[in-house]
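Worksheet: the structure to be examined is printed underneath.
Lettered A, B, C and D in written order, each chain numbered from 1.
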Amino acid sequence: MKQGLKITIIGAGSSYTPELIEGLINRKHELPIRELWLVDIDEGKEKVNIIGDLTRRMLTKNGLDDVEVHISLDRIPALQGADFVCSQFRAGCLESRIRDERISLKYGMIGQETNGLGGFANACRTIPIALEICKEMEEYCPEAWLLNFTNPSGMVTEAILKYTNVKAVGLCNVPVIMQKGVSQMLGADEKDIVLQVAGLNHLIWARQILHEGKDKLQEVVEKILSGNDPLVPQNIPPFEWPPELLRNMGMIPCAYLRYYYTSQDIMEQELEEAKGEGTRGEVVKAMEKRLFDIYRNPELSDKPKELEKRGGQYYSEAACELMSSIFNDKRTIMHVNTRNNGAIAGLPEDCAVEMSCMITKSGPLPLNVAPFPTDTLRLIQLMKEFESLTVEAAVTGNRNAAHKALILNPLVTTGTILEQALEETIQENLDFMPQFR
Amino acid sequence: MKQGLKITIIGAGSSYTPELIEGLINRKHELPIRELWLVDIDEGKEKVNIIGDLTRRMLTKNGLDDVEVHISLDRIPALQGADFVCSQFRAGCLESRIRDERISLKYGMIGQETNGLGGFANACRTIPIALEICKEMEEYCPEAWLLNFTNPSGMVTEAILKYTNVKAVGLCNVPVIMQKGVSQMLGADEKDIVLQVAGLNHLIWARQILHEGKDKLQEVVEKILSGNDPLVPQNIPPFEWPPELLRNMGMIPCAYLRYYYTSQDIMEQELEEAKGEGTRGEVVKAMEKRLFDIYRNPELSDKPKELEKRGGQYYSEAACELMSSIFNDKRTIMHVNTRNNGAIAGLPEDCAVEMSCMITKSGPLPLNVAPFPTDTLRLIQLMKEFESLTVEAAVTGNRNAAHKALILNPLVTTGTILEQALEETIQENLDFMPQFR
Amino acid sequence: MKQGLKITIIGAGSSYTPELIEGLINRKHELPIRELWLVDIDEGKEKVNIIGDLTRRMLTKNGLDDVEVHISLDRIPALQGADFVCSQFRAGCLESRIRDERISLKYGMIGQETNGLGGFANACRTIPIALEICKEMEEYCPEAWLLNFTNPSGMVTEAILKYTNVKAVGLCNVPVIMQKGVSQMLGADEKDIVLQVAGLNHLIWARQILHEGKDKLQEVVEKILSGNDPLVPQNIPPFEWPPELLRNMGMIPCAYLRYYYTSQDIMEQELEEAKGEGTRGEVVKAMEKRLFDIYRNPELSDKPKELEKRGGQYYSEAACELMSSIFNDKRTIMHVNTRNNGAIAGLPEDCAVEMSCMITKSGPLPLNVAPFPTDTLRLIQLMKEFESLTVEAAVTGNRNAAHKALILNPLVTTGTILEQALEETIQENLDFMPQFR
Amino acid sequence: MKQGLKITIIGAGSSYTPELIEGLINRKHELPIRELWLVDIDEGKEKVNIIGDLTRRMLTKNGLDDVEVHISLDRIPALQGADFVCSQFRAGCLESRIRDERISLKYGMIGQETNGLGGFANACRTIPIALEICKEMEEYCPEAWLLNFTNPSGMVTEAILKYTNVKAVGLCNVPVIMQKGVSQMLGADEKDIVLQVAGLNHLIWARQILHEGKDKLQEVVEKILSGNDPLVPQNIPPFEWPPELLRNMGMIPCAYLRYYYTSQDIMEQELEEAKGEGTRGEVVKAMEKRLFDIYRNPELSDKPKELEKRGGQYYSEAACELMSSIFNDKRTIMHVNTRNNGAIAGLPEDCAVEMSCMITKSGPLPLNVAPFPTDTLRLIQLMKEFESLTVEAAVTGNRNAAHKALILNPLVTTGTILEQALEETIQENLDFMPQFR
């Protein structure tokens, strides 16, 4: 058989895929690819074909004609003997995301794909499919690494770690953006910075920023407060942290923490957007349409500039770097979702956490995390309990677990309203949540 | 010197005092009183005089003429050599309570005297005065027991335990009502029931209900769900727990937990009341006025029936029983606020918790509490962190501690709105919160 | 059926039984007995008959002729419908105890029936039988309380709590002796003292000694150091604590702790005794012979004075008081072995600990224990791990668990010598340790 | 000023120093040295001069004439502006080590320089001097890194981390030997192996051995059991682990753990050696004499082969590699003593632990350690408590802390014998232990 890796992309019809292809091309000298399998479901056939054609053009342009590109609506042949599996599907497509946002807003709650009621709904739709894929992996490629960037990435990774034997790592672009932003703010080479993050997916803090033997954290805090904040992803509107809060925290919260620290401001913004250009899901849907129009162009053989506005920048960068780090035993520091195993004191051993790890050929070895200050720990513990109960509900369909999960979530309003919102969520998603039938 | 105890009541101009007097009279054979000191501040002079006259009439009617009744606007002589000090003052009077409620509602948050933003404000007004009283006790009656039922009772008790050497116990009527209600539901004698409660003040759960060697907890749950719920205090409107939530909890939440489990329902109720008969503080104010008109009647020598509607029933029952239990080394089980000391796993040793204790001549010995289920523990830990940060803010005037406390509280909305609400609270209360100047 | 309780004594042929009978007689007004079942095995037939005759004479003398006394070599009818089961058998009789002592000494280790290698051997002989009895109780008297004072009481109780559903309480005379000794030293009525003990069986400390609202612990320490130490059981030779150690401990160790704090002194004493009057087991064997000669006397209708030298004084006192406290819902404080359930921080929830409890009709409710100082906690944790591994070895016959248990025990010497001593222990006891075959 | 580093060696008169010099020479292309300061005390003048001469010859031979070599009996100029300080002094010289060994053996205990009573004595002699050096470093070279390999390395490092602000790392050759031995057993390149160790100094376990994406731990266990054990340092006589113990442990104990797992075997060996060629200290003393005779040879300009028998092989290798890793931000994995900070669950945050870290320009970042199995954890916790109490005794001279420390140590016999041994240790060392006066 030919040398090289077999890489399989689940949900390859995503508009993000060209970034992933670009990342693979950029690493052609360190990451030899034999086969590339682009997998999607029937509904995604058109999109994955467009992506497949673009992929072939991109590879050809970069002298990688010998990479076999397969498009498949059947997962089994795609998984068979794979070395790396990238999971980036969206259960129920953007329509479901938009529905989640609209239901949340209707009941006066923040609507978002990984937080609050929307995050819960997304987890309940996604986890059963993710576990199905993992069962197949256990059979057809038990040695493969699964790189999950399907959202909600933390909860999906936790479900996989708890219920399957797949070697899985969860990825997110938030810490990548922090890493790049911090380096930029300090005018330093990214590889000279040691950034240590810890927490849960979309709920992390930078705990240490080391450069040239010095801790630069407070220096970065002051830069952020002086108006220079490149740590915020494109899909999050600019905002400001309460200065004293940030200054006294001893760590730097990721952009998603504004959902918890300044929730009313987000709520107002979302309501305004929903009345205006539409919810984030609706904006993305329109953007996707434009992107595919571009991708269709048979002249195009590069990742188009427009993709960067899509919000998920660096996801693919992280995925490609992770594959290369594992394959080449690089021992670089990356920030991933993995089993806690005692790393964050005060959380269960078997839960998923997002933290800085040294990446080896055997996967991520987490760096130790200094104990969190109690007030922050309490928020993390609360949210992890929400996540674990949500995973339980997603797997078992236990409504009481669902209710208990949502009661704990600070972005969810409790009371009769919650019982109604939960019921509507389940009923509207019943095709994707058979466990609740 | 004459035999008997010296009992001092701080904030004796309260409309509750006649209940306390009645409790002492009922225990005249086991709790011999030599002196009764009724203390209040200048603004309360008229009220405390009315109460003093009523007290004397009540004692006389019950053959207790030999008890010396002193009315004092100066705490020092009242504290000098006291055996028991009952603290039931309200810093800033009902006007402050009403202001708290109105500020909270204005910013779209629940307004209440022990929870949320109102609880925070109340703590910041009250704790400095409570600590001042304790400093005096350390000097003038170092052996005395302080029975605190000044609200927010849990946070006030925590501040006293952390910052003074006074032997203090915090009291609340909520577990007393649970004890009586459970006995009534089971048709059992109160003393044959072992009810074990645990948690924080206004955030407790019944963990065990034992009778005749059997655990009756699920039986009580079913009775509550079938519409018979005598566990709710008079000042909380009737409501229903989500049945499956209650049935699967393995414990029974106190009525105040509906603020967390069904917060939107409470919010709507409060908004409606505020537009109608007024906030709870306003209702109480009107009620107080009527009560004092009754107390003024020189013919009255009994606690009037009307007082029972006031909402604080059994506070005084608990206080008198506690004094008697300590004095007589009764070894009864009572539910009080005391130092955690490892009793509730997962909380700091030095924080205050509310739990069932065996009362001895040396004070309360807490019963061990079985570890809480994680989801409940997370809520308790979160709320304790809110409380401890609030105590810190109340003592030091540190605005960042205040902000961090409020961000964690699920009854508080975060964002610009919170910064405004906090600032307004501080400015409006500046006379009572000099620490924030 | 006639009114009254059915009490069953397993191992009734013990020389201790007359003390138990005396304890029941002393409580005849509060503990009404219908049937008394004296159970032993074939080898104990003669002894149990002697005890049975003496029991009948004692009951008759005290006007309790209506109590039915049954002697049975079959446990089933004895357990059927029992209210209380007292377990005081000795697996392998005194011969096994003596063998344990001799093997330990031969290998240069302390030989004792509840500590070190001897305690391990005793547990491995006893636990399988204790579990067999409990299986029978689950079937024939599921509502009965089991009072275990079969040694090693802590490990036997832990095995029962972990592997059966029997309502079991483990008893020991050590804390009873402490309670009585402390009262005597303080010249106080026993019931006015609150003694709180905590730890593991034969490894407890007095944590609080309260009297008249004062903590008297240091006062008792000084009395002990001045030469007055009534806390030591009869079967432990007099000795002195290192004064500064005791003075700075903030608690009072039970007499068995000298095995850990002053082990070489004990070792020398044991070696001397073994060469002289014999090991403790041998001394007891001679004593037992003398006692049964006395019991045989048809004129005897009282517990003879000589029994008090036997070493187990107050075991039966504790057992009778516990039965009465449960039956009468007395809510007294007793010191028993029960499930930890969070009471001692730093130990597993499901292990057995010995601690002060309030005794109710539903059994013991442990008092909370203030966190132990770290150095003491480390010893407790180590010994509990020894105990839990021993229980595992006793149940499963896993030699590796046995080896791991013994390596941790500070009274056991590790190395080739241990492998030999363990093998000899198993081979010599094979009839009673079929699990290791 | 000239470019390059200033490296200071405290206790440079040690016979190990040539290995350190060799290590620096081997790294001349990555670790540019400007000045090398060899420091010792008056009593070591002759030795440090011999070493100084040899050092100059070695540097010259390797083309490093431009490195300034200073010999100093005064620490201040040597520390002034240093970049790295290597601490390898021995308080009280080998005479004290020999005395410790002899006192221990006299009282029937294992005599060793880092374990048991000898380790305690060594810590009490060494820590006061180590802290004095650190106070000087705080003043004269606050930015310098201290590499401590003065024994007992773990306790000395803990004292420094607790009582000073110096950036300190403790080193030991035990994990280095494990790393090299494992690589050799697996026939793999050392840099391709990920070995993760954790525990306390001289009390570590290999927790993971990863190679090519596989965990090779059990494979290494079987190799060790089949008689191939290169993990044992030269100064520890060959021995065998109990096979089932090792096979079921899930980790690999370091050679020093045989002091705990097979203590009697060591005791016998030590007694035999003491009667024969002498204690380890005596053997080393004779060896040192021979080494210095060799070092004196003006023809010698290489580290002599004989040094490798000395027992401390790879200490200096580790020290040089650590300096280079810090200086060059190498991000390699090394095994060092550093602040726990939550890395090993169940130990205090502020204690020193020995574990695998990623070495950066900002020092070591510990890798997370999976929770230890309970039985192993209990031993670690016990020994850490011994260490922390010993550090306390060494700093304060509190005899009660000393006694409490020693009572916990399983290599120490308790009782009157311990009180005598402790007193003799203090009296014989009084010049080096003024804190106990």
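Note that a residue touches a chain if its C-beta (ideal position, glycine included) is under 8 Å from a C-beta of that chain, and two chains touch if they have at least 3 such contacts.
Keep in mind that this is a model prediction, so the values were computed, not measured.
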Mutual neighbours - chains that touch chain A and chain B alike: none
Far-end chain from chain A, centres as C-alpha averages: C
Chain B-chain C separation of Cα centroids, rounded to whole Å: 45
Whole-Å gap separating chain A and chain C, where each centre is the average of the chain's CA atoms: 58
Junction residues of chain C - those touching two or more other chains: none
Touching pairs - complete list by chain label: A-B, A-D, B-C, C-D
Residue ranges of chain A in contact with chain D within the complex: 192, 194, 196, 210, 212-215, 326, 329, 331-333, 341-343, 345, 349, 358, 360-363, 365-371
In the complex, chain C residues that touch chain D: 108, 242, 244-245, 248, 260-267, 374-375, 378-379, 381-382, 385, 388-389, 399-400, 403-404, 407-408, 410, 413-419
